[in-house]
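As structure tokens, the structure follows; a few thoughts come after it.
Order as written gives the chain letters A, B, C and D; numbering starts at 1 within each chain.
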């Protein structure tokens, strides 16, 4: 048996606290059991702790041990966000010099659904679970990423005017039919805090996002499904700002019994077809702020 | 002075030739002088050689030396493709055990232009230079990457039928006006072999691609420029297959005096707004094959 | 029922053949059944066909249909490479105007193993399956990606000389102990053609790569496991050229009954700790060429 | 002239404030003039504003106009961080409904230097400039990214013990010479707030990071330079935690006259050669907190 110095436990040369020490992108297979439904996920886990000024190194392998003990020992977890919470708890037990722990987990979430045309299709989401734990307690969030299409309301008015000029005398019809506009993939991220005693299903969040996006993208589209997806996006043209606001409203209605300090993060990224860059909007707030703003 | 064994020059344990040995993504500042115009580029260089069965290691630092001697010593090069050719030549001189050398160089190419509305704007291209050198000689290609927008001709017919159903009695008008369709960023790559004694300007290639794409994307769009870009894309809806074929025709016309063995590579990638994946088409051929196909 | 024009079936304006038309990165859940072992994989699929000069568009949705019919209908496949082969076959049946079809499938492959220290750990590989089908028949390959560590043999000799200068009189010991060198993550890709009537297990390929790399990386390392991994890498320092050659020899021995036209692709990428760029070596050949080279 | 509705200026359906609206990754060529030295940079710019509850859309093209008016009109800027500050100011003037503006600019920064061996080499950094402007005023930071190598102090002790076991009777020598350890590329990000009336040179920040890393990586290394780089990294093995703390100390000494509210962000990312994931440490604080911690 070799006797080794515990280098990390030494006193550091400079007694400065380190805000975050950790690892990103550790991959683990996780089986989620939800009621009588089991799903196998390939998760990516980020895990960070703080390091006090009095210790040289955080023990990286112990953080991984915490993950191992929970994932490999348990085999089945009730949810991604519950897993993040348990890993944060176990990590702080093992690294008793740390007071903060942040755990983020994401996984591709492929779901077999039916196309409007009733063909079996795969929809491709991401699900997210996060726990931020410190002296003041623990906050857990659950989230999803959903891909849809959005058409620009502003460009639609411009092209309507251009077509009207080229085809005079048809303004009444042109004012009624959806006109061409630039449209593009729109990536929505929706995360919500889970209050104690409440629960949030990732599938519910997907439903909210899809309602605002008018559906979500999938690989196989029959021509008529494709036509309707495009048609609907142009009947309801939306800015990224509209998308995040409409999702906020739906989240507020769906979880109307959640308290004011419930965290909410909504992002919409539009891969602008007329620009070489993406456009973003994000609402990063809590339920209370939104409720107050709507009343104002 | 320390005396060091030349480990790489040793005989390998297993006398197997290695197809490619090299490095990717070396960054160098390069000043290109083109007539009386000077441009500073930040290039990324890939460089590979073959290694015969009789030698343990290729000398990596000598390949970099070849780059250094040409770029740092010369300061100014006539073109990216000429630079790739000189580096390949110098590398094979230094690594006299190798017979093949492949050098690829790419650089962002930002050009100040005028918007249709006459505002100063920056257009954002990539330029490419490649040399493939072996026992049979040397082939040099010059290329560009251009971003545009394409609207799908197939979805346009479907939505036209859907609108026609919702707004009956307007079929004559509807058959004439551009109808809504899905549209998206389209990334075109165009590379062409440079025959001995001929030259190809990157700016000419950009012009060909922009002609087919109906312009290229830029960051600042006035509403009327934006409207026209979208309108034009829908007046001329194109599949990725159409785009690569139309560019092939324009290249063939522009360089009609180039011989049949002139290499041509054209790729169009469409970031499908209705799908979570991209669509591709590529023509990877030479002038002779296209000429024969058009005559058939 | 709406009557739609089949835009893609039209004659193209320019009768030029298109080399490749297709999509990249379609995600599908796939269950592989291998003997009595079942694994759930999240695959990414690329699929390309050629388009003859006489047709305007390839039918993208039919390619996806081919994938759907095989994956969603079958639920269980014997292997990733067999799946690529079936999708290629079905696609060419559906797109009877195409003669070539290339299908590539990759998936993360997470395997629970034991650390040298007997702790349960997750090893993180990729598995690959490819089929290239054309008029001359069909070639199928199976492959893996394995991450290890390599130490540079050349720098080791330099530092040995430097240490010897600083600590004179110890040359005998210094010549025997492994000396410091730069070491780094090394990403090995190994793909091999599967001759008719033969089969290749991905797990066998992983074993070959790990033998040459002295093991592979995993997330949790006990200090003694970590020490031994580093120690072994320095006892057997290797260039990227050494790594690809040693794997070639092991593959040739393992599959000694495979014919000369068996394709072999081996790549080693070293994330050089002393350089801002990566170093590569690749053997891209067939069994015959290697056999001949070893006899020469 | 076409008369267009200002869609963005409309009242939104839901009066919810949007935290951030903007674009990422706009590319601009910028010439920085610093004393008598001029450098051409290819910058990437992110720009975000808040949107009050009372307005439907932020005017994206006006943000780009702000960039255009400053970059394209001015041609030369004193620094990247000054540019971020001017763009933030101009944007808030143009978008008078917004109160917050965040601008981040980054650029590759390639510098011709001399190797220890006196050969001309290119060093490859990034420089960063950021401005965060809101009702309480404006904060500007300047930063750099530097690549070095770090060797692990913990694994070094383990391998020392292993070698000592294999070569008994040499403990005195073994305790003095640097032993093998895992080492890897280490990416340091260092950003510092610029107090009013003070200035910080990016080159100074690079110097601080290189002092702690024992130099930085470059493409061409003579064997003796390579040997010394590796030797030095093992004479001074460092955890990511050590690296961020040592840089913090040097920054505090260098800018000892900067006030307590000076922001400081230091990150070290180690591409672990023994793990398939990266290790991180970050200090995200201000000068006051560090000063207090050192005195405690």
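Please note the rule applied: a contact is a pair of C-beta atoms (placed from the backbone, for glycine too) under 8 Å apart; a residue touches a chain by one contact, two chains touch by 3 or more.
Model, not experiment: these values are computed from the prediction.
S.K.: So which chain is farthest from chain D, going by the mean of the CA atoms in each chain?
M.R.: It is C.
S.K.: Which chain pair shares more contacting C-beta pairs: B-D, or C-D?
M.R.: Between the chain pairs B-D and C-D, C-D carries more contacts.
S.K.: From the mean C-alpha coordinate of chain B to that of chain D, what's the distance rounded to whole Å?
M.R.: 31
S.K.: Please work out the Cα centroid separation of chain A and chain D, and write it as a whole number of Å.
M.R.: The computed centroid separation for chain A versus chain D comes out at 27 Å.
S.K.: Just curious, how far off is chain D from chain C if you go by their C-alpha centres, in Å?
M.R.: Here chain C and chain D have centroids separated by 35 Å.
S.K.: Specify, in ascending order, the residues of chain D that touch 2 or more different other chains.
M.R.: 2, 4, 23, 26-27, 124, 154, 158, 161-162, 219, 221, 223-224, 275-277, in rising order.
S.K.: Enumerate the contact residues on chain D facing chain B in the complex.
M.R.: Contacts found on chain D: 2, 4, 23, 26-29, 40, 42, 61, 64-65, 67-68, 72, 108, 110, 112, 119-122, 124, 219-224.
S.K.: Show which residues of chain B lie in contact with chain A when the two form their complex.
M.R.: Where chain B meets chain A, its residues are 124, 147, 149, 151, 154-155, 158-159, 161-163, 166-167, 170, 173, 176-185, 217-219, 221, 223-224, 226-231, 234, 271-277.
S.K.: Okay, in this complex, where on chain A does chain D touch?
M.R.: 2-5, 7-8, 12-27, 48, 51, 53, 56-58, 60, 153-154, 157-158, 161-162, 165, 239-242, 244-246, 248-249, 275-285, 289-290, 293-294, 296
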